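Consider the two complexes below, in which chain A is the common component and chain B and chain C are the respective partners.
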Partner chain A sequence: MRDRGAWPGIVVVVLLAVVFLILPHVYGNQSLLFQMMTFVVLTQGLNLLYGFTGYLPFGYVGFFGAGAYATSLLVLHTDLPVIACVIGGGIGSIVIAIILGPLLRLSGAYFSIANLAASQIMFFVVSNGNLSKITGGPYGLKIDRVYAPEASYLTMLAILLLATGLAAYFRASRFGLGLRAMTQDPVSAAMAGIDVVRQRVLVWLASAGIAGLAGGTYAWNLSVFYPDAVFTLQISVFAIVFALFGGVGTVIGPIIGAASLYLLYNGIGISFPQGFELLYGALIVLLVLFLPNGVSSLLTRRGVRVF
Partner chain B sequence: MVGLLEYAVIGGILYGLFFSLIGIGLNLIFGVMRIINLAHGQFIMLGGFGAYLLSRDLGLNPLFGIPLAIAGAIVIGYPLYYAVVPRLQKSHDPEMLSFILFFGIAQIIEALAVFGFGADQRSLPGDALGAGNLGVLGQEFPDSWWVAVLVSVLAIGGLYGYFARTKLGYATRAIMADRDEARATGINVDRVSAIAFVMGLALAGAAGVFVPYLLGSVSPDIGTGLTTTSFAIIIIGSLGNPLGTVVGGLVFGLGTMLMQTFYASWSNLVPYVLLVVIVLIRPSGLLGKAVRHA
Partner chain C sequence: MSSEPLLRLDGVGKAFGGNIVLNRLSFSVEPGEIVGLVGPNGSGKTTAINLISGVHRADAGTIRFQGRPVQGLAPFRLAHLGINRTFQVPKPFREMGVRENIEVAAHFGGARGMDADAVLAEIDLAGHAAIMAGGLTVNQQKMLDLGRALATDPKLLLIDEIGAGLNPSELGAIANLLQRLAQRGIALIVVEHLLDFLNRITNRVIVLGAGRMLFEGTLKAASENPDVVAAFIGG
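Now for the complex of A and B:
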């Protein structure tokens, strides 16, 4: 793939843009499309970290929630344009990621569980009644004066293209090659001159920033939300399952995984959540045991190189 | 004020001893197999529902939930062990893959529990383990707390005895120290590990019997919180050592009770803050394996 340079990435990004610009004109339920894009973004953002460094952020939703709150607080307390507030949400998440940076010293499951704990801490702090003057406590925030479904849809699309572009860059660049080397063997990668810590931290910040931007745009689109809506562990869980299903470490795997499973969730999961929970629980078990690289590896095994 | 502090300290010790039992099954399975049972909290939850059903439908004392938990652990644990664990251990990253796989199992259990038991919170009759209070230094706690603590101490003591006095226990410790060398000395690693796996589930289920008393109720969604709390406890203590889990449980219990007494609205932060702080300041000291190599 690398020899084809940036082309596959450009093709995927353009295709996504075309599809999500046309879909609202063919299919009336724009809020469903928005939700779907949100999950594709989160899945891709999680894939940036997990797929390219092997660090599974179980508390990924923490960055999403932090972005939602940072954006809303900026909307409420400043006169900045909403887009700037959304970017502020991304920056807010990156700041949180810098604070949590030392978690990267942990390996594997310890990182995941500590990251989960960190997202729970954020949730409990934000939803604590003692802070209701600032964060609205358990009642959340309301930014309905800037409500704009069209503009927030387009913003989410832009974030989706950004996340996909980043994944394509990781997939096809020298930087990404370094990431793949250090995932397989960090010591040898360091010997080969890769600045392991710097690269890993950069990916961590990029992944957090994507979730923060998505959270800010999500809050903008909802315009009224409770803390549970943007901090529920289910968001992390969905992103993980969708990414595993599609195939981590690729560009199109997470997109396909998130889009298809989100549609399935929308079909049966909302009216019958336990049924969907049972289904994705079983799906995880089967994927780990039989298809650890997701459905896209079905193609890889047949000699098709999945971008 | 002095009374409050005493209440918090004694309550914290009792609560902490019980939470040692909550965490110890996870520790045992990790120590022996390097497998992370992320469905640990869900097995605790099943133990709680077992006791609830025995008490509601058969009118039995909830304590019969303990033999039920052991039986359930054997019936579920052996097939589950042989279905997934050897396969995971052959993979390139057993720790991370088991983490994800058992997360899937947790979701399956949770969904089935909602089908089977409904999503409601269930509690057990308050007087089934004794209706009175028992005091120490003028601080009174319900009898059910004392029963839970007694069972916890017995179970952990029993596990300690198993490690220190029995042949299987020696073999288990040998596997904890070095899996391959244990196999080379002729230990049937799979059989011993399977027993440890079943024991881990049984300890979780037995702890679950008391969850309705110590935490007020049991419902299908309590699993994830219990798993994270258990993680905090076994990380504070040290992995693979039952006494370490007791230390972790006591730190957690005292922390929670002190916070509940003096800053009640922030007490739900305790296990998470403890977890993050401990893994950040002592990543290698308390758990040797938690350090990255580059």
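Now for the complex of A and C:
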């Protein structure tokens, strides 16, 4: 079954690339497409951790914000090319993830809450007025001298392909088989010879790195942003709901979940915001009651193996 | 190394809080030997197995495997060295196929080239290879635990109450299987309450009572030992 190898992953990556290269020529609002890609990346990045290790990072936005700030500070204080600054954003988030690594000793809701607290600490530190000289405090940062919507769009697409490629690797590889085993029973997994801690930490760092790269590219695309724009909890909540809606632990579930719900959000959320909140609330309730494994489980139940 | 036993425990102790569950336990096991570990509930049998397999860490004493100290090593490293185990309450990967359960251990267990089909045949689950492990009966799940351990090509197997709840013919089959494994040179430590079963497969038992080793020798001699009788029946 698992021996279909890399092909499904390659197909999904190529399809995504084609779709997001063509879409700007068909649909004029590239900014909306960029935002949508950002959420697909974050949803996929969250899926890497939650879908493949069972750790739900409620403070996932913290890595996004850390990446945005690390990238912007590099742009402001170094002469590195912007792409290098974006990579620096990813590295910055990985450093934060290493510092927060001990959180992985917690499990279940305790991990989620501690991670949420960590993201809020980062937000309050960064937006603190006393740090205005470094982080801009509540006024945020401005990197408009490197503003480049086209280049940042393509960069976000590259990150989307990277995140999807990682998910495909987790799904189809022996490494991923080990992840599945340790999520179901970590003690048995260790007795089967799996280095549970190492695998879990690697996934944690990968997931954080993806959010950091996305945050850096997001900051680049906006070029002027307030701390709330990159640290708002709404980003975490969206990524979690999108991932759950699509179906975690798969490659295409989070993509479908994020793309469809983000479009819905834009369709209704802007013309009729109150209606959107109502619909979203109802959707979450229905999801928990009837489709706890997301829409992809509609297929799984019928024996179709969703990639 | 020839003079060194496969496994040697020396003064091993473990306490949970103020509760001493194992106190200066010392014994050794040779390759191909089946050693029974018996004692009343709470006497420290499962704790001994948890210490040897690295699930818990000993507070005192040394555990040597093939002459090298192994206490404090992570369970996955012990699995690579050749120590493996089953669980009293079986712990399969429930949402993975039976065959996949074996494949995980064959791949990660440090025994490349281990044939999953041969292991499945050995534990009599070849006919269930494609179903989810969660769909097996508890007894089959115990066998799957054993299969997962075998797939890592162990030198020492710790078997925690595999016989409970089996009928006599199933017990006979397991006894035969364990003896076959011992003949291959695998050392086995078998925790069991079923004394007939132990009597059939072991030549030596270690009797624990309240965390202490009360007796070491044949099961028949154990049943005549006053300390052992007192620990089991009171006295």
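One rule holds for everything that comes next: the second predicted complex is superposed on the first by the 302 of 307 C-alpha atoms of A that agree within 3 Å, B and C clash if a C-alpha of one lies under 4 Å from a C-alpha of the other, contacts with A are read in each partner's own complex, and residues count from 1 in each chain.
Keep this in mind: a contact is a pair of C-beta atoms (placed from the backbone, for glycine too) under 8 Å apart; a residue touches a chain by one contact, two chains touch by 3 or more.
If you're wondering where the values come from, they're calculated on a predicted model, not measured in any experiment.
Peer 1: Contact-wise, after the overlay, does A:L177 reach chain B, chain C, both or neither (first, second, both, neither)?
Peer 2: After superposing on A, A:L177 lies in contact with chain C but is clear of chain B.
Peer 1: Which partner, chain B or chain C, touches the larger number of chain A residues?
Peer 2: The partner making contact with more of chain A's residues is B.
Peer 1: Answer with first, second, both or neither: which of chain B and chain C does A:D195 touch in the superposed model?
Peer 2: After superposition on chain A, A:D195 lies in contact with chain C alone.
Peer 1: Would you sort A:P81 into first (chain B), second (chain C), both or neither based on which partner it touches?
Peer 2: In the superposed model, A:P81 contacts neither chain B nor chain C.
Peer 1: For A:G5, is the partner it touches chain B (first), chain C (second), both, or none of the two (neither)?
Peer 2: Neither partner.
Peer 1: Given the touch rule stated above, what does A:V187 touch, chain B (first), chain C (second), both, or neither?
Peer 2: both
Peer 1: Looking at A:V285 after the superposition, I want to know if it touches chain B, chain C, both of them or none. Which is it: first, second, both, neither?
Peer 2: The answer is first: A:V285 touches chain B but not chain C.
Peer 1: A:Q120 in the overlay: touching chain B, chain C, both, or neither? Say first, second, both or neither.
Peer 2: A:Q120 sits against chain B, while chain C stays out of touch.
Peer 1: Touch test for A:S107: chain B only (first), chain C only (second), both, or neither?
Peer 2: A:S107 sits against chain B, while chain C stays out of touch.
Peer 1: By the touch definition at the top of the document, which applies to A:P138: first (chain B), second (chain C), both, or neither?
Peer 2: So A:P138 meets neither chain B nor chain C here.
Peer 1: State which residues of chain A lie in both footprints, the one left by chain B and the one left by chain C.
Peer 2: 187, 189-190, 196-197
Peer 1: Where on chain A is chain B touching in the complex?
Peer 2: 54, 56, 102-110, 112-114, 116-118, 120-121, 124-125, 128-130, 182, 186-187, 189-190, 196-197, 233, 237, 240, 244, 274-275, 277-278, 280-285, 287-289, 292
Peer 1: Give every residue of chain A touching chain C within the complex, in rising order.
Peer 2: Residues 174, 177-178, 180-181, 184-185, 187-197.
Peer 1: Sort out for me which residues of chain C touch chain A in the complex.
Peer 2: Checking each residue of chain C against chain A gives 53-55, 74-76, 79-80, 84-85, 87, 91-96, 100, 103-105, 107-110, 145, 148-149, 151-152.
Peer 1: Inside the complex, what are the residues of chain B that reach chain A?
Peer 2: Within the complex, chain B touches chain A at residues 36, 84, 87-88, 91, 93, 95-97, 99-101, 103-112, 114-115, 224, 228, 231-232, 235, 265-266, 268-269, 271-273, 275-276, 279-280, 283, 287, 289-294.
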